[in-house]
Amino acid sequence: MNIIALFVSPLIALIAGMFFLGLSRKISARIQWRYGPPIYQPVIDVIRSFSQKSITHGKFFDFGIILSLSSSFVLILFLPIGKLCALTSGGLIAFLYLMLMGPFGIALSGAAAANPNSSIGISRKFLLALAYEVPLLLVLLTVMTHYHTISLVEIVNIQANSGWAFGSWALILPGIAYLLILPAILGMRPFEVVGAAQEISSGPIAEFGGKHLAFYTLQHALHVFVGIALFVDIFLGGWTFFGLLNPLAGTVWAVIFGIIIFLLKMTLVLFIGLFVNAVYPRFRIEQAMQYLWKWPTLISFVGLIIVVLTK
Amino acid sequence: MSLELLLIIAFSGAFLTYLSGKISSQLRDGVAVLISLGLVAIVSFLYNVQTETVFYQGFFGISLILRMNSLAWFFAIAIVSFTALCIIYSLSYMKDCERSNYYYFMMLLINASMLTIVLAGDLVTFFVAWEIMSWSTFLLISYNRNGALQAGIKYIVLSLIGSMCMLVGILSIYTSFGTVNIADVANHLTPSSVGYKLFLLIIFSITFGIKNAIMPLHTWLPDAYAESPSPFSAVLSGMLTRMGVFGFLLIMYVIVGMKTTLHLGRGFLSFNTILCWLGAITIVIPTFIAMLQNDAKKLLAWHGIGQGGYMIVGIAFGTSLGAAGGIFHTLNHATYIVLLFLSVGAIEYSTNGLRDLNSLGGLFKKMPIAFFGGLLGISGLIGVPLTNGFVSKWLIYKTLILGNAPFLAFAALLGTWGTVLSVYKFLHNLFLGQLPEEHKEIKKAPLTMQIPIVILSFTIILFGILPGLPLKVINSIIVAAGFQALDINIWGVTSETGTLNMLNIFAAIAVFGAIFWGIFKVARKSTPVDQYDNYAAGAAVPKNKYHYTVEYYAPFYRMGKPFLKDIFDMFYNRIAEAIGSICDSVRKIYTGYVGSYVMYIVLFIASLIFVQLTWSIF
Amino acid sequence: MVNPILLIVVPLGLAFALPIVNLISKKIIKYIPVLAFLFNLILSLLLIPKVLEQTIIVKIGGFHPPFGINLFVGPVGILFSTLIALAGFLVSIYALSYIKEGPKEKYHILYLLLLTGATGVVLTGDMFNLFVFFEILCISSYALVAYLGNKAGIESSIKYLIQGSVGSSLLLLGIGLLYGQLGTLNMADIANQINSISSPSIFVPMIFIITGLGIEAAIFPLNAWLPDAHSSAPSSISAILSGIAIEVGLYAVIRVIFTIFNASSFLMFFVFLGVLTLLIGEMSAFSQKNIKRMLAYSSIGQIGLIMFAISLNTQLGISAGFFQMISHTLGKGLLFLSVGFLIYKTGSMKISSFEGIGKKMPITSLLFTIGAFSIVGLPPFAGFASKFMIIKAALTTGQLLFTVLIGVILLGTVIEGAYFFKVIQSIYFKGTTDIIKRDEAPLIALISMSIFVLLIIFIGVYPDFIARILNSAASEFINRIDYIRSVLG
Amino acid sequence: MKKIISLILLFIICLGIVFCLQDIPFGAAKTKVGHYYIDNGREETGATNIVTSVVLNYRGFDTLGEVTILFLAAIGLGAVLATLKKKGKRQIEPASLILKTGCRFLFPLILLFGAYIFIHGHLTPGGGFQGGAIIASAFLLVYLGCRERKINEVANKITESIAGLVFIVMGLIGLTVGGHYFLSNFMPKGEINTLFSSGIIPIIYIAIGFKVGSELTGIIDNLMEKS
Amino acid sequence: MEFLSNYIYYIGAFGLIFIGLFIILVKHNLIKVIIGIGILDTGVNLFLIAVGYISKGTAPIFSKAGLDANNMVDPVPQALVLTSIVIGVAILALALSLAIRLYKHYGTLDLRKIKEQRW
């Protein structure tokens, strides 16, 4: 199983991630009464980027982006996609750290490019990350405390037995908080100030072109996938769907349907996440921080207190 | 190899170095390196040795004892190795500095005294070595003159307060039990009252808290780190400050005993919970203050405080995982903070003493070794997987989460994210971005400076991938302290609530890295471009504005600056001023007018007679 | 022929002979104090084992006490006389190169008499004789403080003299009041007849005597002369005044309290007075700009510490107090001596003028540093061992009050550390970084200071060396009956 | 204000002393030690003047200290005034003939009287200190009367030193011979109430007389010359 | 009156002592202070003599036969006073010489102005 997951789950993640990327562009466009690009547009972009020539600012410029992409793929291995999960070592904590490495690699690369716009973009990126990490950490800690484990797989398995976390009253507040910060995690509207194309030439990726840009797009797609999948895994029970798969237990089909259910849940979450926040105009970074440190943090904090007290 | 001989070599080596410096500086360098490496060799031969010897009885008839066990060995080997690396590094760093004999002498003296501290089998030896360490550190902190003087005074005053507390504690033990032998004291202490144990714990915690810079007592540290010579900053932050951790281990788990310590008080008001929370505060606030720093060494110094918090949280939490994590983090912290200080030192060396984060940049092409040292250092500091920092932090987080202390865990994790921001700023402003014109031609860092950086970088990765190597020793330490043994493998930790396997993470990253490196190579070749050949959206950016460094996290600063002040430092300064003015007014009683002096005499007699006649109290 | 009387008579005779020697040759006079105290030192060291076996009572003129004057050469006396001889010897070696101007033969006479007086005070067993030797000590101090003849010296000297003579009058008055009641001057005999100090007829003379002696001992409200005098005297004399004179004064005070009046209820007051003295001293020293004044205030602080230790009224406490006296003598002596040459070479007593002197005079600076470390109480120097013993003594009493006071005392130590370390910083880490030509103190002075350092380190590392004598000294104070019995037979 | 405070303080002290003096009635019987001296002084020391026997024998050590203090005062005064810059030559107004002659006449007489006082110290009231003071007054007279005359400082010093040394040597002889006590009266006591009696007392008193005389003279000399 | 005759020496002695102390406490002129010290000394000496006095006693000198030993005053205070006087002389001499030097330095003997050594 693990061996299969090792090969399959990156593939699923890549494809789904590209799909969500395209989908989100489409949804945003529709919300704004635009037609928008086709859903497969990111795939086209990647392929085209590979064929284009690029510039490099040195070995380290290349190293950063490769580090970013490969660590994003490693991250996928730690994520239960349906019933597939290649690596479990270290649990959610290791997962959190690996989540950090993708942006970190991009930041290194962007900084090596020595473009002031990249620097500004990275600074914003990290501040935004700090802003949403505060509620995110609280949310994850709540979940881990509630289930008394640090393993993602185990969290999903417990939910299979005892119902979705989002359904249990103790974890509903963290769930809401996660939804509120989801756009920030995904870097989508209204939190797109990091890569503001008009203002700082797309920020960190200002100097990226050709294969660098392609790598970045792939990484971004994975990042979007992870952000949503994490929610599904810890709040929506991953592959579980009200005992639907129980009859199939132990067969290959359970795995396949598990993945499908998982992806459907993800799509749903993407919609919700986008709709919840799409009405806001773009936040300035301070506004974003103030917002994220106010409501989502407060909600998740209350959630954590509830969980600790009811423990 | 007896322990006395080891210490004799250590101490006399220091003197020998000083004396040989009077003959020639080459000889001195040779002797210093030889002594420090020799100590490394001797200590490593002492692995797994358990001895205890009485070496002296002339101090008030107290048996002064040296003993070797796994705890002592662990710290001893760390001390001697890091000092040896810093000594090697100093060979070129300190080449043209004044009083270099003195510098080496003090370095080796501090080394020897730290070694004595960890080998001490009784509290008097411990205290004596502790004090020697304190004053020699003071003498070396002040070495850089100017700003260093204030730092030195701050350090020594706090340090004196700490050691006076410890002296009271030790003597209280001595008078109560008539022995200062650590093992005996532990036995005697078991039946004594809870209040007394608590008193001991608190009074020693002040001492070790000052040394380890726990939050309200940290104020000496930033200045001291920033103003010392860089190799010494490295030793200071890497090992010397962590003598506080050693002290905590000693008092909490050896002297008072694990079981007792963990059951002092109830609920939130128990000793170790409060210590944990102090540790948590120490993690968060300094890390965020670090973000505001513009001095590379000061930034690292604030992180030094913050990382100290992890150790305290880990040790004070009182689980096997926590204690192991805390101890392991001490070692890991030493590796990467030493590495970082040495990298900054290399920059200082090359740019004639610059360490201002706003005036440097783009040095990664000029000083690749220092850059990779810095990169791995900050990775370790953050705890990026595959570096050793990850493993120890993982152990701490895990035990905090599973031990139902999510708020502590939150503080610890938040600290990590703060760390990411500030160390990225550090890396970016020093090494990445544009290279300023004036640093186009810089001195090359010599080999002796690069070797320690390379060794430390290698160590970070080694312990990151194979954490089992040090954890094996740590496991025996915590078992000796009475904790349950951990299930240690060469690649990590196995336990029923989740395993850590660094090897498969390493393999995964390596495989994916190789794949994408391959893809990258196969794809169309990219064109190398010049530094200034940048896309600036058509705007004409002046050359000196190309590097965005000043106020790197400007929005955050705007928000956080009013809150992120070192209020404790201000508070202490206020106290110091108040004491100063009180002192000034006290001496005004010596008016200089002899009539009033005679008046004092008459007053003295008169008041005594008055008291006696009225109340007859004598 | 080993007779303790020689400890007093030989220096005295040499002092009397010195004017004649001066007429014969002006060059050799400065070696006379060296010889005298070398003799005293050897004699004291020879006497120590004998005294530890049995106290020597020297009857002067062959009259039995209480009718004649007797010397009481007990452990305390021999301890002090050894200390005095040692300090006197080393400082006189130092003075060989330090005293270069002024009426030198007078300096040496006064110096001899100062220490003779001190030896007399610690050895005598007669109240009035104590007064006489005390006056010798005081008057020679007045003259020596004014020795340099500068503005500060004369002013300090006259102030010292006024306070000192008021004190000596009070002392004499107290002795007279006692004599009027008890009809004897012998200390053992007085002690024998005193039962309680609570009646005013005993208490009032006691207060007068304590005040009179306390002025020399620099107990808090009586010590206003000290900073002036110690800072204005020539440094070699400052070393003796700080290292010997005030200790001897304190010895006299505690001898009076312990042996004569048996005033253990009064000791509680002394505990507080000691802590107060310490705090006042250390706090006044804190922001001093003048190095010698700072050291003088530090001496006040140290006296407070000694008072505290001795007032604990336990075997351990008293021996700790004596130990602290020894380490203070060595440490403060060393500090004043090294500062003497620092001042000599820079021409100023301002701490700020010492900036960078560490390069010019590395050895002297090092000696100063070690002295400072010892005074602050850092291991492995003597000050640490004594402070260790004091704290141990205070904690052994098991009373909460003493534990709290120990906290206050340690606070004083922290203040002390702060100002000493500031000075050390200015010596080594301030001022020019250029290479300066060395201009070291003369070799002979360095040798004498180095002996101080060796002793400081030796005692600091091996305090058991003097433990026995300290213990017997403490017993001498505790066992008042033994004292009386051994004198009166 | 200060005066009032000091008066209050002094009053308190006075009160204490009054309480204390209740135990010391004025003019009461002799005390223990004094009684002993009066009873046994003659036999033990051979001096008829008990004060002298107390001063020089029973409490001889005090007297040694006392002599030392005077010596100390002379030396100290010299030391204090030594660094004073000398005012050129002293303006001396020569004394008149009558004054000069008178001084010359009186000077040996005073010296003789002083010598008498200290030689008979053990027999009659008086002694070394008193005699010495009288001798010093002779020199003072010379200073005042015959102003151009100066004493021989070297001789003065030698006298001073030798006199002091005599005292100490006498004490040390007592340490070696006799009862092996410092300052013990090792010489034969002689017949009571004669000049050559009471052992070392006259010798020491003579020495003290010389010493006090020369020291006081030195002090006078110093004060006259240097100020 | 009887009280006075009984205690006149004590009263005189302590009167002198307190006058001396009072002078030292309140006077600013150095010479006056030195005079105060002298008075204080004298008072103490007088007190010592008074302590040894016996009503209608004689000097303790057996200058001729037939003197009653029981009627002699205590010789010890007299010996003490001898010493004490000498000490007083010594102190006075030293104090005066210092005063001379001080006047050379400061040009005044007002102790309120001689305050360079303080704090």
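Note that the chains take the letters A, B, C, D and E in the order they are written out, and that residue 1 is the start of every chain.
Quick note on the criterion: a residue touches a chain if its C-beta (ideal position, glycine included) is under 8 Å from a C-beta of that chain, and two chains touch if they have at least 3 such contacts.
The shown structure was predicted, so the numbers you read here are calculated from the model rather than taken from an experiment.
The chains that touch subunit A as well as subunit B do not exist here; no chain meets both. Shared contact partners of subunit B and subunit C, listed by label: D, E.
The chain closest to the protein's centre is B, with centres computed as averages of CA atoms.
Across the two interfaces under comparison, D-E and B-E, the one joined by more C-beta contacts turns out to be D-E. Spacing of subunit A relative to subunit D, judged by their CA centroids, is 107 angstrom. With each centre defined as the average position of its C-alpha atoms, the distance from subunit A to subunit C rounds to 78 Å. Look at where the CA atoms of subunit C average out and do the same for subunit D: the two points lie 30 Å apart. Subunit B and subunit D have Cα centroids separated by 73 Å. Multi-chain contact residues of subunit E (touching two or more other chains): 21, 24-26, 33, 51, 76-77, 80, 83, 87, 90-91, 94, 98, 101, 114, 116-119.
In subunit C, the residues touching two or more other chains are 128, 132, 135, 139, 142-143, 146, 149, 154, 157-159, 162, 166, 179-180, 185, 200, 203-204, 207, 227, 284. Residue positions of subunit A touching 2 or more other chains: there are none. According to the touch criterion at the top of this document, the contacting chain pairs are A-B, B-C, B-D, B-E, C-D, C-E, D-E. Looking at the complex, you find that subunit B touches subunit A at residues 362, 364-365, 375, 382-385, 390, 394, 397-398, 401-402, 404, 406-407, 409-410, 413-414, 417-418, 420-421, 424, 427-428, 432-434, 492, 497-502, 504-505, 508-509, 512-513, 515-517, 520, 523-529, 531, 533-537, 541, 545-549, 552-556, 558-559. Across the interface of their complex, subunit D is touched by residues 6-7, 9-10, 14, 18, 21-22, 25-26, 50-55, 59-63, 69-70, 72-80, 82-83, 85-87, 89-91, 93-94, 96-98, 100-101, 104 of subunit E.
Note for the complex: subunit C touches subunit B at residues 158-159, 162-163, 166-167, 170, 197-198, 200, 203-204, 207-208, 211, 214-215, 221-222, 224-225, 227, 263, 265-266, 269, 280, 283-284, 286-288, 297, 373, 376, 378-380, 384-385, 387-389, 391-392, 395-396, 398, 403, 406-407, 410-411, 413-415, 417-418, 421-422, 424-425, 428-430, 433, 461-465, 467.
On subunit B, the positions that touch subunit E within their shared complex are 587-588, 590-595, 598-599, 602.
On subunit D, the positions that touch subunit C within their shared complex are 16-17, 19-24, 30-37, 44, 57-62, 64-66, 68-69, 71-73, 75-80, 82-84, 154, 157-158, 160-162, 164-165, 167-169, 171-172, 174-176, 178-185.
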